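What follows are several structures.
Both complexes shown next keep subunit A, but they swap its partner, so subunit B is in the first and subunit C is in the second.
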Partner chain A sequence: MGTNEVVGHSEQRWDAIAKVKGQAQFTGDFPFKNLLYGKILRSTIAHGRVESYDISEAEKVPGVVKILLPEDLPQNKYSTAGHPWTLIPEKQDIRDRTILTRDVRVYGDDIGAVIAKSELAAIKALEKIKVTYKEYPVYITPQQAMADDARRIHEERDNVLASSKVGFGDVDKSMAEADYIIRENLSTSVQQHVHMENQIAVAYQDADQRWTCVSSTQIPHICRRIIAQAVGVSWSKIRVKKPFIGGGFGNKQDAVVEPLVVAMSMACNGQPVQLALTREESIAYTRTRHAIDYNFAIGVKKDGTITAIDCDVISNQGGYASHGHAIGGKGGTFINAIYKMDSLRYTAKTVYTNIATAGAMRAYGMPQVVFALETVMDDAADKIGMDPIDFRMMNRRPDGFYNAMSNVKQINFKVGECLEKGRKEFEWDKKMAASKQYKTGVKRRGLGVAAFSFGTAVYPFGLEVAGARLILMPDGCFKLMLGSTEIGQGADTALSQMAAEAIGVPFKNIIRDSFTDTDIDPYDTGAYASRQSYVTGFAVKEAAEKIKAKILTRAAKMYDVRTEYIDIIDGNIIYMPDGERLATLEDIAMSSYFDMKDGKTITAYSSVNIHQTTYASGCTLAEVEVDMETGRVKLLSIMNVHDSGKIINPLIANGQVEGGMAMSIGYGLSEGIRYSKEGRPLNNNLLDYKLPTTMDLPKLEHAFVETDDPLGPFGNKSLGENPTVSPAPAIRNAVKNAIGIGINTLPLSPENVYEHIQAQQKGDVQNV
Partner chain B sequence: MIQEIEFTLNGEAVTCAVDVRKSLLEMLREDFSLIGMKEGCSVGECGACSVLIDEQAVDSCIYLAVWVDGKSITTIEGITHTDGSLDNVQQAFIDAGAVQCGFCIPGMIISSSQFIKENPQPSRDEIRRALSGNMCRCTGYQKIIDAVELAVETK
Partner chain C sequence: MFDITGYYEAHSLANVFELLKEQPTARIVAGGTDVLVKSRARVTGFVETPLIGISRVAEMKGVIMADDGTINIGALTTFDEIEHNKIINQNMPLLSQAVSLVGGPQTRRMGTIGGNVCNAGPAADSAPALFTYNAVCEICSATTTREVPITEFYIGVGKVKLQPGEVLVKFKITKQNYQGYQGYYIKFAQRAALDIANLSCAALVKVTENKIQDLRICFGAAAATPIRMPAAEAYGLGKEVSNDTLTTIGDYCLQDTKTIADWRASKEYRDHLVTVLPVRALALALKDGE
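Presenting the complex of A and B:
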């Protein structure tokens, strides 16, 4: 690819120096004159209606500027989900909320707000507001919310907010052909993103009388639209600026605070208002990973052939629709993507309840469905007495399989190679043999594996538009302007490498910006679906090719040579027939700015709409030791293997893999929000919500099956989310291999494992 | 209530009339415009706000500003050398690829710098223990631990 070979190298992230110096400015780090502070009044019940507010004492708190009740703000219904807008009404996200509400659907619902001159005054005032409620029954589980006598959480809609059924073949017939049917119930937990920077936004009226919102958002352009819809102004009246972001993982793909903070500034004549959530608010009252219940069956023949997969899904949406059924309804395609079967049925319901609203979270539904699939796959392999890797190998989809459910030809699909590489590099067979010594006694060891398939971006389900602009600067450097969003993952650096590669200049010649600004940067839908290196990659490539062509045209004229004989190599204009350097890029750039006769600056712009996708894949292998007396699972070793096409920047890619593995290890072993039966979150802080620390993780091993994907802009496919998919089920399978108990509820915390061990010892649990 | 305090901040003698209710983190960010330390929890759980007080790493969000009277404080801004060049710990974080979103990084560097001073030849397990009070959601800590090892080697 090119002559420059910037792509494929571990170039240093452009923002690394600022970040180690403490110089990188995040949303909370900008100075604003006369800044006001907003705070949200949160409900202390999970389901009901506010009958009255008494704000008389709160108003007297010195420094209070405004107390806002639901009626004081616009009443437009909107959705916080950060999907691109669609012109097809039935595909639009469910608009089921207003900025503030009297109708309480979750504990901590936004029922009012205070704006004050200091954060302390705002907090004091909050404490003095008295609220009386009419209380309704609280539904924690979808089963409760689906009961015949359950009350509607949203008046205008059934609690089952969506359902779907996909698949092919005759499942009942195929099941009848199986020698065994393995049918299991599984439940996943409520994981939270816990990005280190909480949600924060500042809004103010700018000199042009429009509204600017500086926000820690993954989706500036979409966020602009959501704010405009919520506050009821035309879209161009809103400008969103995203500075450095302290992690998002999907949570900042919902506009959770932005509509309110803009409405607050509007209520204060455009004075700047900051709305910063606390850690406790961020964990409990923003978004979560959907907890999903599966009834999952696999029909299998004695020789290992899968006849059918039958999966029934109930997804716990929480109080508001947000991304809704897009997550629970998603799994069928990816089950079909990875394994062969004669028939598949995938039925799914997404159900409102009164727990926190679930939304997008890294890998968007895949960790849940892969937990279910890989659990039952593993138990099926056990049932027929086959090695779990062999069982997956024999049933995997071949490279080039046409997936009729998504209309995608899975070119360059390498899950088999990942499993083979993992088996070898993890020393699976050796470790498995060694673990046989540890099947009795207090500490027992076992191994587990899980594999997955993964899409890249959202085509054909959603819009895939991205843009890029390049400006040639007088010294031969290029400003790269993107509407995509760097949120810590390294997208800016990877995209800059792509620009350098395609133009033919060193990496250092590309200049990025910490800001993405909807007024300035090209339209791009933002950071989600592991889409940017792919979709925005195409935009960068196109803009780079355009600017390169313009530069070469100008150089050809200046040096009186034919364009096809010259090229840009390492920042120089080279006459290719003999390799002579005709000029530096700076020479061309200076003339483009300052030549009296022919001076015309050189820029290029691209906007792409990508009508293709490519499937990535991978697997995890894990080795655990289980303490039979405490239920504690110690992860002895773990390895991820990824088929993600060409690796643009190995160091950054490795960092994505390690971070994703850590997140999934937490999912498997310790993380989950717990609720009281009244719907109150019980562990919304960093002591009680068990995020892995340095002490909780083993060495994170990983490998790539690297290929040049024939479709990717630079041979690449998705990677950012993929590592979060398979560690949790691999750990679950390893625990089963160690202790002979298959645990189908996440997380496998000491308590959960201990209870399963106890139950088995009492004979309550049917062993798988 | 306002109290006048004197202390050393990144090598410079300073005074401040500070609200006695303020945390050290708030004073540094608001009164001295030192924004390198971050607030990730404000209750001493995450370590994003770490600073050195008399050569001890402390969560500045749960340390009252007035308590630093007479003490010496180093923030991430004081780790960078006065000529603007990077300290070797900072350089090691870059070279090891330990930086992602960067929100935890100032706190990580503060904790690591002090730890290496106290334990110039640490094992990987000792590094893990030393950084167990600093949370990071992006990296899985692996490259952060690599960075500390690299900093030890390049000292």
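Presenting the complex of A and C:
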């Protein structure tokens, strides 16, 4: 590590002032001459086919420029999923959609579009388009879509779009060796990202006759490829620019609006067109977290040994494949990562239905599988009468375990330390003893815990490349150019700290840019999988080391010293044997620009392909009070503990942890999109979709088990998504501890909890 | 995206009536916390229409106590003003408590009590309290003034007894309707803020020597309009305050509520809450809150 100690400090994020002063420009803030406005004509059924459109009245609305039907736009099949491209055809995402469609697979499907001179004119025109449909049966659940007589949602593919089976050992034999088998059914809800800035993009033809798309995307370089595939041009004909972004949480890892807005501009001779979704559209018609059903069994001996885990997964994909089976099929590796067992079977199916298309959402399948795992783990601990933390401690994978399912040696894996630290700092034992006073009466208290393991980036399952460029400026500052994506999480600030640390300059010497531009910035796949501080971190480190070597070589020549005796410390060239300052960085920089004889500007570039990963872990401890009369769960206190290696910027890390905890508390207690039996979303607005407010959240306590991960570029590993994984199951387990009823359906809304209490009082069997 | 064809700002009550005459299709807007939401949602009657802004009409603002003790609350008084108004805090604390639970701070700074009532949402937070205080609505047109008890003002969801050209100017609450009472309002919603009640209950009670001298209970979101509980109120009259009495009052409420089942909650759950909330509201009212 460098000597500057920029990494590990709470540097103020470089864009903080701009955001407070309102100077930060988001996609909707840029002025465009003669801007046109696009709106999507959405189906009012969930499954069927458009038989006819009547656009005659709509065309008469003043200000309408064009009304587009599916056949007016390119017919290329593509996938919106923001995965890196792969040259292996069978690993490519399922291309099951066109830009507009007559075949309706979800309520609100994109069956047409209007372009007008004002948004209001476009809306008025939409209201005047008459559509007639042929309707098919609507499948809300995978079970309905898998029925023998169910119609194919996509003609070319079975409704079960993928299935998989992974594991090891002989599960049946290991289960037979258990003293108890705890087998439960669980189901998770359809959570939505609800990022602050809705999807928005503007497209136009630029002076060089190529197509520029300014978009609120997490994945500019991948987005360029998806647009090109959808509209049918070669990839360099598309340029994507990402300005400031108001959050994405994975929803902007899909190219939901970009292909259409580029096609709209193409249909208007390259005139700029803006497509901005409303909140109602963004909640209902973009992407969601997969609702997943689990049949989950753990075989356990009386002494606490786990003999086997058997997990069957049915993942509700919704109408289009998007990220598809990558989510439902993911959990086996991470079950194996965290607990010891003799045998594991993890079977998974991903099934098309007619609800909203599920895609990537923060922690990518882990909140679901950890909800199932940690629920059944907790019930197993209860069954054998063991403290839930002790049960997890005794079964946890040791540091250094080789995970054969992912071919990853889990070096520096500290879940045990997290559980120990959590037990102490949360005052688990004291609170548990106190909660015993609240086991009768109307208000009952209980505690719960849940632990998790988590990957960093996607190797070995997917490509992990990143790039960075550094330019030494005349005054000794550096321009840092990145293809990675700042989406509000603070990546640019953390990566700038890394550059400063590795070069040996103060944080303020690194200059970033709000834009990521596919024409200018190095190739990087973007913001997802908690990858950027890790993978892009390696790219930054390499570029920084290269530019530092170039600077030192030049300085050595200028001051006639050997390079190994000099270093850059706090922006100065220091002669190390006696600590003398030979020059400032500015002296070197000025010479590099303007010396008549040897002037030659100093830049460095890196492009990395990272063939390693490191597993993070953590846990949540929660304390609740349940109102037995109303079913309302009050969260009294909650703490996350994270094993995420070195914390690059504690202030930004705290923001990530608190935001992730809030998201998972909502997942556990209140959130979920609801559908009518016709497949119509019922609560796609901020009133009816119950995102928690600050008043619904207790203090979001957290702690880190901080280590220098030997495999991290700066000792760091994943953190961005991790906090969203374990709060919901910890809350579920705390509710069980309070009222003696395990509730296996999310969210634990008052009515859900009340109904479980009623069912128990009436003697119904639970959890079946 | 709003679809408003014009905006006319009234500077006095007389001016409101003039503007209404000139713009007969116009919508009246005060804080805009309902009208603008409906306009954006393109609700019929709220699009392609002009607005008449009344926010600066002084005659419709503020809280005044008349010499006889009658409290007059101008229709344009905001939730925030009511929450912090001394006269209301001292004499009608149930109302200030109820309006402190509306939406969030921004909504409470903009939204008005008159707008809350005229919007006629079944779950409006100010309504149950006004019902229990037996508030009377003063309604004016260019030439007439009439009074309607709030309990008779509602017709159905989104509908009140206002004729074209009429404006709700103020609420009047007489001294005998607030003096000596204790009250509490429970808003049962999914969130602690920025939410609308799934069910709400205002309870106002006068107790001497542990006997219920008067009892008024009103539910929000238990019918198409806010609704008083005559059966429960009649039962409670003269009864000794006890857990049994309160529980029985809760059960009696089911005789008058008209809950429905929809995706937000089952009828069974709502009816269960109908029996629970008044018991809690009364207990808290008698304890002067938590």
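In this section, the second predicted complex is superposed on the first by the 765 of 768 C-alpha atoms of A that agree within 3 Å, B and C clash if a C-alpha of one lies under 4 Å from a C-alpha of the other, contacts with A are read in each partner's own complex, and residues count from 1 in each chain.
In this text, contacts are C-beta pairs under 8 Å (C-beta built on N, C-alpha and C of every residue); 3 or more make two chains touch, one makes a residue touch a chain.
Just so you know, these numbers come straight off a predicted model, no measurement behind them.
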Looking at A:S749, would you say it contacts subunit B, subunit C, both, or neither? Reply first, second, both or neither.
second
Report for A:N76: first if it touches subunit B alone, second if subunit C alone, otherwise both or neither.
neither
Given the touch rule stated above, what does A:T584 touch, subunit B (first), subunit C (second), both, or neither?
neither
Just to be sure I read the superposition right, which of the two partners does A:R674 touch: subunit B = first, subunit C = second, or both, or neither?
second
Please work out whether A:L682 is in contact with subunit B alone, subunit C alone, both, or neither, and reply first, second, both or neither.
second
I'd like to know which partner A:Q489 touches here: subunit B for first, subunit C for second, both or neither.
first
Of the two partner chains, subunit B (first) and subunit C (second), which one does A:S163 touch, if any: first, second, both, or neither?
neither
Touch test for A:T693: subunit B only (first), subunit C only (second), both, or neither?
both
Superposed model, subunit A: greater residue contact from subunit B or subunit C:
B
Should A:S514 be classified as contacting the first partner (subunit B), the second (subunit C), both, or neither?
neither
For subunit A, what residues appear in both contact lists, the one with subunit B and the one with subunit C?
120, 686-687, 692-695
Quick one: which bits of subunit C touch subunit A in the complex? Just the residue numbers, please.
1, 3, 42, 104, 188, 190-196, 263-266, 269, 272-273, 276
Show me the residue ranges of subunit B that touch subunit A in the complex, using the header's touch definition.
21, 33-43, 45-46, 48, 75-77, 80, 86, 90-91, 93-94, 97-106, 109, 127-129, 131-145
Considering only the defined contacts, which subunit A positions touch subunit C in the complex?
119-120, 123-124, 127, 629-630, 670, 674, 676, 682-683, 686-688, 690, 692-696, 749-751, 754-755
Footprint of subunit B on subunit A - complex, ascending:
10, 12-13, 15-26, 28-29, 31, 120, 193-198, 244-247, 249, 278-279, 487-490, 651-652, 654-655, 658-663, 685-687, 691-695, 697, 699-700
